[in-house]
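In the two complexes that follow, chain A is the common piece, with chain B as its partner first and chain C second.
Here is the complex of A and B:
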């Protein structure tokens, strides 16, 4: 029931974010966003600090963080590529696209290339069903994926 | 007797699925053609159960609020579309509900089929017990097929080479978590109904569990995906009790199978007095299941009561009587007859040689009321003196004195349920989350509903701030300043006009109030002066006083941090003054409530265990009271009070006290100033220890009589709310006799004509002679479950709340509370103040809990010290430190924490090798001799290992525990 002390640096940067946001109603999600922005991911060491500050349990913070896939437990690559794997895209061949992309990048879902250039993630619907199969690169959506577009994407993230 | 409980079957309590509604308005509806009337707001599920129609369910249970996630409890309602969940749909007047139809059957089967498909290879009776609620529901809905397979991975295709884990598309296997010594968590069997998570939150209030991830990845997680034992989990077991599958299951049940029969009984740990079903297979307890009908605990428990019963069958238990000439000799096992004859002869010899008052007895707060009554009867009738005392001497004797003086009764004023109506809790010198965990959970629940908390404690205990609860005020006062602090609170209440004049004029003596008010209003009692003395912010004192006086129903709960001081009785009086001044007494939600430490410390006090009192707190000098017993027992009783425990020890050292019968108390470890206790015991000629184990006191004993556990006897315990609970025999006494039988045999050897055949007859004698117990009988307790004394003609089913309409003593009495600092002062040699306490997983001297797997959580006593004080002394966390006081020294390891203020150190006394009481002094309460455990001036320094005393003690203990081989004895 004892915790390893959070590394002091993460703890102090986390504390500053909490201090700024804890007055909000329902401050947990904004704090987590702030932390992800600060560190590029949500460090595990930040969670007990949040729990202590908001007077909730570590379990509760963990439950919330893991519920949202967008909160990362590791830093992402320089680019983040999200490939839609939901029903409409699947019907338009997103499985094959995924396989091809994985082989081009040499990584699987939830992995980052060794050079840190790109992280590949599945996503469940970008609201672009009419342009399936679709993807999102660094926040920009891309529709009607085909081999050519894949090559362009790979070239861009590798550059 | 107990006919209803002699049936060898499993006591099954009905699960109504959702909690009862408190509404007054009644609603009538029809369920499957049966008409049923229930309070408005009741769920259809509960109403159906009350009509005798059980609706299948998985995520609902009546200990928890409805959740509506499992979709198995669906029903049809005439005039409404769809199939609403019966757990979340409230009843309506004239509603017509159908719980069975082809459509419902098909939906339920479909839902169960999906669950089973997601229950990897576990559905089937191999993985779990085959007797879980889940298994039963699968059978109930007639599930016969599973078209989805059982590998649990068919919903989303798994890609080769993709690492499982966070964000994986598949449900990946997570190994069982066996880290908790008492239960297993097997994620593969989990259906994510959240019952465990909700039990941890709603019932226990720890919030240690969550559902991590989402969708098919959703799992129950302890802490941040930690092993249970490393997480925030306090192992209360509420989650295990709530789990409808075998995902969370007691290891004993998995290893030994489902229990076959059960007996409703009462826990033998703390003063909460939880009711349990002791569930047994063959002659072995498989699990202790909290009893929902138990009025103290309402189906909840803590790690001690639910899991730590293994001591009852521990190999260290001594099952044969033993005697020896000298304490340096090894023990010699003898027959019961020889042991008892020897004891009787020795007691008679000593009395002949040294006089009638040279022997005495100590009753146990661990034993039943009936057993305690017999020990004091043995002393008074058999020894013909009043040299009887009890361990309450060292804990709550000031409560008896203080509340007796002010209110007229020596007990708490409320029942535990009263907390549900409390608005402000004033908690003084008590650490309920560790020492009274089940009641602490109810306090925390009430706080989450909005009640406020004020804590007076030198330490920042868990309840001051933990998930979802936080005290409005924590006054971390310096140990030993209780009286000054409480008087300062009174000062604010009086000088700011926050007292309840109407109440005081009606219920108390107005002149006495005015005298008291003029005293507390003196400038030296102001928060500004006291704050300086006690090291507390005066504004906090004022804020706390205002909140208690004007925050609605104010209830005071206190513990040993109040009583175990040189001014313990004064503090209790100060507490009573506060309650009277603010009118917080005599109705639900208010009151003054000591949290009693031991299962039957209230009962042992009630039963006449004190040297000056006969049962029911009637003074021994009263001719009329003595006459009752003299005519019944046929002897003349001594009208002078006898010796208290410390007086017995002093007399022993002086050579006038030579023989002692100690039932179920380890005075050497639990009483203060160990060296003095040891000297007293060593000076006696016949020390008889009647206990489960060769405890520390037994190192100085000449006779050892094996004791019986609470599982091995019938009787009653009285908890902190004056509730008399039944203790029922679950198994035969391993040593042959229940403790009451042993005492009776000893009495018979001493020539007394005792012929009790069952403890119920002892209770009948208690009822016959004690007005406040006049209505109590085992028949009544079997019928109504439990009663709170006074139970007599005026209140035939007991008294949940006392002093309604007026105080027992007539007018409530205000008494001045002059603060007199203890003689125990800090100074250059001993600059720190030591205070002592308890921890959740261990109990008292640890004789029981140290013999269970609870040592996983607390394997040694540690010294809590503030980082500043540690740094000054060059101490690091975990270092061995030497703790020295004017009385003695010991060594233990340091735990550096900000829970204690600078200048204060803290430790527990659960482990005999630490010997915390070597350090404590022989200062004691002025009125009752209750020792001052909570304040000792000490010094702390680095150390390399055990002190000389610890080494000598160890050696002596080892020598003293030798038991001779039978051949060698002759």
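Here is the complex of A and C:
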């Protein structure tokens, strides 16, 4: 698993991100995106630093972080695989694809394999509805998923 | 002349292997020592032909598709750089029937031009609308948009010009233009395509909106599931700023307008305009009660125009060719064109821009070609996860706002998802409730609690526990959600649920589990 940085280090790296973005109008989401990009998740230790800098309560920061699906409280696996589960993909058999992938990886949605290689997440639409079923692996889009492509994905994340 | 090769950089084309094709073409060019310019254009929207590679020849563009990396060597052998014949040869792209039959106003350049070339944009009619706009008064711009009959393409269908007029007439020290690019509805990808394929048209539309209403700052709120669109828009905004399309003197006029790209964080409800505004302000994306309207008190409490991507991207052509030109297309109170997105289990999926008024049956059967699996069409969901399921019996419904409302449906963002006869409509109804439960912002009770209770009731129905009672209960629950929710998430979830129940009653009366065989 990825080592989590010490809280003092988190505070100083967080402060640098805040410094860069706090001049924006409505800076909280850009700051949280910046933090997640920096650490791979939003560490608890970053929240009081943000609250203080933006002059809002820790509860407000906590409320925002937990509202949005994107922000993680823990680091993800080395790869992140998002599988579309919305209607257009359902019409092309995404349920069966999900079941197959879960059994190939041995994990369910919102879980990470024990070796930390991959985190599997459902996503509700990637805008690839004309090439369903679709997925996104580490930001790369994949359409018309079939058994062959699933096996390729599994081989890639395991390598 | 150096040959010019177009390989789409659109996400949909990339998902089908366009990057591998580009790599193979580059390698082949190097091996053969041929110098060529590769343009990463957007997609024309015929996804059954993607990756569709085009070459510019003396006789115009010639398309090949769908191209696989393994085709590349033989394409060169067949002389594809001069339009040579090959098994993937499609001829002139604008003669391909799926594309030739369309009326492309908003998407005129998408897939044709280099998305990040402002010169290309201008050469294909870009910036003419903005040039016309800076030469007239804000009131005249608003008048022209109002007269065009343009209505909100995000789904609500509110007249765009009236929204703009409200902001123009409200005085404030600061006003905003917000573009809603939180295209979360399954079956829709028009916003993504235009942002990736013709980003300047959106920038131009927003600049016109700014000048028309006195707003000097714009935000484009793009969902995080669209990283490619975010990257293209960010680059395009920078290019536009450097070229003086944005900034203190828009196109050399005294008008000031600039914009920023902001990225969402995976909350579907932020596609609702007031939740989006809260999200932009750095809050939880919770829905606001209206009034006050965003046009009076929107972003940071200032008068704000909030429009969908396609609404704003349709403005430049209206300002270029006039309100009458645009209004001439369409039917009834639905004027102009609508980019219909044909998706899901369909033979010819893609984006089809046409005047309002085609029937649902024409779209699904003639243009979409029926299902991809070859089985009969059972249902089509129109308008995303909050849209109704239509059975074949309603395929004569013309594609227009009022006609769909009259059949207890909505056209929404004009996405159509086709299902074959293997679809279980009880399962689809349950998913609608489940999705609402996952994505509810939690502010109002009918949506927050109703959706969870809805899942439970439909689960009991699936287990055949007192089915008549469950049907009565879910009907009553839908009524409460429809009339008691603050926004369209809770308010429209009943559309897919009740349409599935009403049009496919057999799926809601599961046969009892057979007794064990003797």
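Details
Everything that follows uses one rule, which is that the second predicted complex is superposed on the first by the 153 of 159 C-alpha atoms of A that agree within 3 Å, B and C clash if a C-alpha of one lies under 4 Å from a C-alpha of the other, contacts with A are read in each partner's own complex, and residues count from 1 in each chain.
To be clear about the criterion, a residue touches a chain if its C-beta (ideal position, glycine included) is under 8 Å from a C-beta of that chain, and two chains touch if they have at least 3 such contacts.
Everything quoted here is computed from the prediction, not taken from an experiment.
In the overlay built on the shared chain, the residue A:142 is in contact with chain C alone; chain B does not reach it. By the document's definition of touching, of the two partners only chain C reaches A:129; chain B does not. When the two structures are aligned on the shared chain, A:13 is found in touch with neither chain B nor chain C. Of the two partner chains, both chain B and chain C are touched by A:69. Contact with neither chain B nor chain C is seen for A:100 once the two complexes are overlaid on the shared chain. Once chain A of one complex is fitted onto chain A of the other, the partner contacts of A:33 are limited to chain C, with no touch recorded for chain B.
Chain A has more of its residues touched by C than by the other of chain B and chain C.
With both structures placed on the common chain, the touch criterion links A:22 to neither chain B nor chain C. Looking at the shared chain after the overlay, A:88 reaches chain C, while chain B stays out of its contact range. Residue overlap on chain A between its contacts with chain B in one complex and with chain C in the other: 60, 63, 67, 69.
Across the complex, chain C is touched by residues 24-30, 32-33, 54, 60, 63-64, 67-71, 82, 86-92, 123-132, 134, 136, 139-144 of chain A.
Considering their complex, residues 11-12, 14-16, 45, 47-48, 50, 183-189, 191-192, 217, 224-228, 260, 262-268, 279-286, 300, 341-345, 349-351, 372, 381, 384-385, 415, 417-420, 423, 428, 431, 435, 438-439, 441 of chain C touch chain A. Chain A meets chain B in the complex at residues 1, 44, 47-48, 51, 55-63, 66-67, 69, 73, 108-110, 121-122. Against chain A, in their complex, chain B makes its touches with residues 159, 161-163, 166-169, 206-214, 221-225, 229-233, 465-470, 857.
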